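Here come two complexes built around subunit A, the first alongside subunit B, the second alongside subunit C.
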Partner chain A sequence: MVKKVGSCPSLATYANEFGFLEGVVKTHYNDFLSSSDYLALNECENISDFIVQLNGTRYCQYVQHHRDDANLEPSVIHDAMMRKFVDDYNFLLDNAIEPLLTFLRFCTYGHMIDNTILIIQGTLQGREPARLIKACHPLGRFDGIGALSTARSAKDLYDRVLIDTPIAKYFEKAAIGGSAEDTLTDSNIELLRNSLHKHYLEDFLELIKELGGDTYDEMKPLLDFEADRRAINISINSLNSDITAEERRALMPRMGVLFPCGTDQLVNRDSLQGVGLALSRVDEYHHIFVAGSEDDLDSTVSIEDGMYKLETAMARQAMYRGFCFAPFYGFFKLREQEIRNVMWLAERVHLGLNEGVSKLPIIRD
Partner chain B sequence: MPNLIDECMTWIESIDIVFWGSLGPAFSISLCILGAAWGIWSTGSTLIGACIRKREIWVKNLISILLCEAIAIYGVIETIFLITHIKYQADEEYNLNIRRTMYGYLASGLGTGIGCASAGAAVGILGGYVAISDAWNRHLFIKCFIVEVFAEAIGVMALIVGIVSAASA
Partner chain C sequence: MSGQDVLPNTLPTRMTLQRLQVRLGAAQKGHRLLKKKADALTVRFRQITKDIYDTKMEMGNVLKRTALAMAETRYAAGDISQVIQQKVSQPSALVRGGIDNIAGVHLPVFNLECSGSTSMQLTGLSAGGSKIEKCAQTHRSALDTIVKLASLQTSFLKLDEVIKLTNRRVNAIENVVIPKIKNTIQMIKDHLDEEEREEFTRMKKIVEKKKKRIEMEKAALEARREMRRLEDDIDTLALMTGGPLEEPADLIGGDDDIVF
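Up next is the complex of A and B:
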């Protein structure tokens, strides 16, 4: 299915072709907020303070026109950070040549899938299409995204909107597995999302296999982790539902560290402890699970936090790599994590809570 | 078949021996410049990319470009040395060993050329990463730069051996 993109250049010619963008993306590492920035942000009393603090960082030109406003919402900060992310990403995209161009585009397909699902779900719940489009991740926007809200069935959706988008092929594969003719409901849309992500990840793996070399070696663990996280999420979220083991198995990506034995165990478990048993074969996940289950408040949330921490550590390692495309993916993941971190802090500040930053995965010392 | 080889050999021997000697400087200058250009291409593109967000690394990292440039200068030194010798030897009418001398110049030029080309590629690929590490942490610059100087030393070795072998040819 993947268009022929050629392989990633080797050591001798990598810097000639992608040296420029590598220089750009690696110096983005300096833009990430450091741990002292987080401490300072945590001391803020309201969102206006927050903006003053962000003014001292690389985000200054994106927040400065909000400096004198009062009664700001956290969403202002989200918008500003997202604008910078989109600008930086577009700069990379504008200057990229094949095969990096395909690689960079692939990084956004996940957001496209999420946006599609978000709009369909919102429409089913009767929300306004214009507000839904505003809520979409800007990197996952595509032409005709507004028309999504008129779709009633999966087939309709595919024929009218998605056929022109890059995610159409995942949709095709996902629909073969089941619900092409069905009307969309809240329950099968979640299945559709997971199925789309599964096919997306498998396709991404095909791409990096084609790129080969160091890119494959460095990207494989990152994509494996992503696949495992999806598999774990599916099994945790479907614990109290009536999804059968076979249906669960169909949603799990056919890749990752857990695949195939761990995935086999995951689909057959029907309690959180069972999931933990299936995860015990991989050290990292086992630690996260054990630390998560000790948290009495909400173990699923703390497992998710643990996963984000692991992801940040892996993405940071990827930023250090040379002669491959992993730094670009790492940059992507770290930026998303930074936005999550700052939004978490901004919401705490907005509500007047002060929980400290020890829980956050800090990107840079 | 042996006939063909014999014909080739006669054809090769009919070429003036000074031609083979002159290939030495030709190889040395072209390969050295290839290495230097490759180095500047790699370093330059990475350095320009890194400079966009971190302007202060620009002046310091021009040294990496200069190191690549020096590789081309080694080629020029070797070439000028060889050219003057070839001219002198070709004018010498009673040199009985002119064959040996000319092949010596060819070997000397090729050796310096390939050696310096490798050094240029090494300095170039390193130079880009020196720029990036400098952008991350400016204390790293001197430490990484020493590595680059050692890569440059490979080129100096090739130049020295080239000149010594040409002088004794």
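Up next is the complex of A and C:
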């Protein structure tokens, strides 16, 4: 369903068309906090200290006006980091031309899906629209987002707002055995969310196939990993729920290293060991699973942590590539990971605990 | 003993005394009972204080655990709080009020009722589901502790008030009512004794006077009797001498042997 965005950026004109932005993104790599920054942040006593530390990094202009406030919450830092992320992203977006523009927009569709789901849920519960929009992820905002909450019924919602958004086609695809309007009920909304993400990932894969070349070669492993992570998480998290195998299968992206054999196995497993068995063919995932499945309250490494570590490593590799769009995606993923990392540390610091740095995937040495 | 220590408007009569004695007995019994109640309440109060202390200590740990679990969840699953909030349609935990009866004092008790609501289900299906589950569990236990603490604190306040009231009553009975009754009884007794003594003295005086009169009468009688006897004697003498003795001077005069 991807509209023609032009074929692979040819090497002859790549530097001319996208070289500047690639350079910009690669300088952003140096903006990431280094391991010594993390150690310094870990030594902080409170959030004010934290901000003083961040002041010595590239985040300085986003946190400096908070310096003198007392009783700061970790969310302040989240907001500041998110602002920088949005600014950097918007800079890229403003200067990009097709097909990079489409590619960059695709990176945010995940947030857009989450925001839409959030607003649908809130609307179904009759919440205040203004507050819902405030709660949305800033990168997932789109023009019609304010109108989402004006819709009174699911049909309204689809007809008026969603149909104009890039994610409308996912809604159409996600509506299995019915029209798109029927899917917007409260009960299956979490299934809908995951179904949307699945279609989004598959569509993303289509896009990079179309772009082809190095972009495809570099992006495929990243998207495959994303798909596999979804599949694994879904199968683990749905172990104790009443989701049927068929429903589960419908949520698994039809791509990834595990697809199709591994996915088939995952769908039919109903215990944690079974999931482990299904993962045993892929070394990386199996390692993560073994390390993370001894997951109790004391363990510091969970499956999610392992996944984040692997993702960070892959995204960092992608940052080094040239003449393709992978660095943009890598930047996206790394920035998200950095926000997660810093928030984790900030919350630990806020609680007065200072031993959280070891489990974080450090982006830059 | 000043006038204010006695009950006002009491007539110092035996009937009042009797009534007051009954009252004194009742007051003492009431005092004993109230004292017992106060003791029972104090025991409970101490227990609650200890429980509050324990719960508060526990609370610190529990809340820290919840905050940690929340941080972990945020790390693994992103900021899910909005997602969860928008999903909630009915409360999954309800606090119900009950009443506990301690020595006639109704203490409010809060009970937490967790319904196995499914509003959480499938949240974080694609990321952090187990973390969210763990986070929910720790929060549920934290909520349990909070409700327990709230229950204890409310009981604490209420008990404190009741204990103060009871102690005040005990003290009032002990230091005001009972002494007052006792004083009144003493006063009445004094009064009655005084009256008795007065009566006694009066009786004594009367008896004395009566005795005197009897004696006087006796003496008068005696005198009269003596006189009569004398008269009789005179009469007899007159008879003996012939003729009534009319002129005793003549008697003397007629005797020549008498020389003056």
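Assume the second predicted complex is superposed on the first by the 329 of 365 C-alpha atoms of A that agree within 3 Å, B and C clash if a C-alpha of one lies under 4 Å from a C-alpha of the other, contacts with A are read in each partner's own complex, and residues count from 1 in each chain.
Methods note: a residue touches a chain if its C-beta (ideal position, glycine included) is under 8 Å from a C-beta of that chain, and two chains touch if they have at least 3 such contacts.
Worth saying up front: this structure is predicted, and the values here are computed from it rather than measured.
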{"item": "Greater subunit A contact set [subunit C / subunit B]", "value": "C"}
{"item": "Which of subunit B and subunit C A:31 touches, first, second, both or neither", "value": "first"}
{"item": "Subunit B versus subunit C as contact partner of A:20, first or second or both or neither", "value": "first"}
{"item": "Touched partner set for A:12, first subunit B, second subunit C, both or neither", "value": "first"}
{"item": "Which of subunit B and subunit C A:260 touches, first, second, both or neither", "value": "neither"}
{"item": "Which superposed partner A:127 touches (first subunit B, second subunit C, both, neither)", "value": "second"}
{"item": "Partner chain in contact with A:304 - subunit B first, subunit C second, else both or neither", "value": "second"}
{"item": "Contact set on subunit A toward subunit B in their complex", "value": "11-12, 15-16, 19-24, 26-31, 322"}
{"item": "Interfacial residue positions of subunit B with respect to subunit A in the complex", "value": "38, 41-54, 121, 124-125, 128-129, 131-132, 135-136"}
{"item": "Complex contact set, residues of subunit A against subunit C", "value": "78, 114, 117-118, 121-122, 125, 127, 132, 135, 186, 189-191, 193-194, 197, 229-230, 233-234, 236-238, 241, 243, 251, 295, 297, 302-305, 340, 343-344, 347-348, 350-351, 353"}
{"item": "Parts of subunit C lying in touch with subunit A, wherever the complex brings them together", "value": "64, 67-68, 70-71, 74-79, 82-83, 86-89, 121-131, 134"}
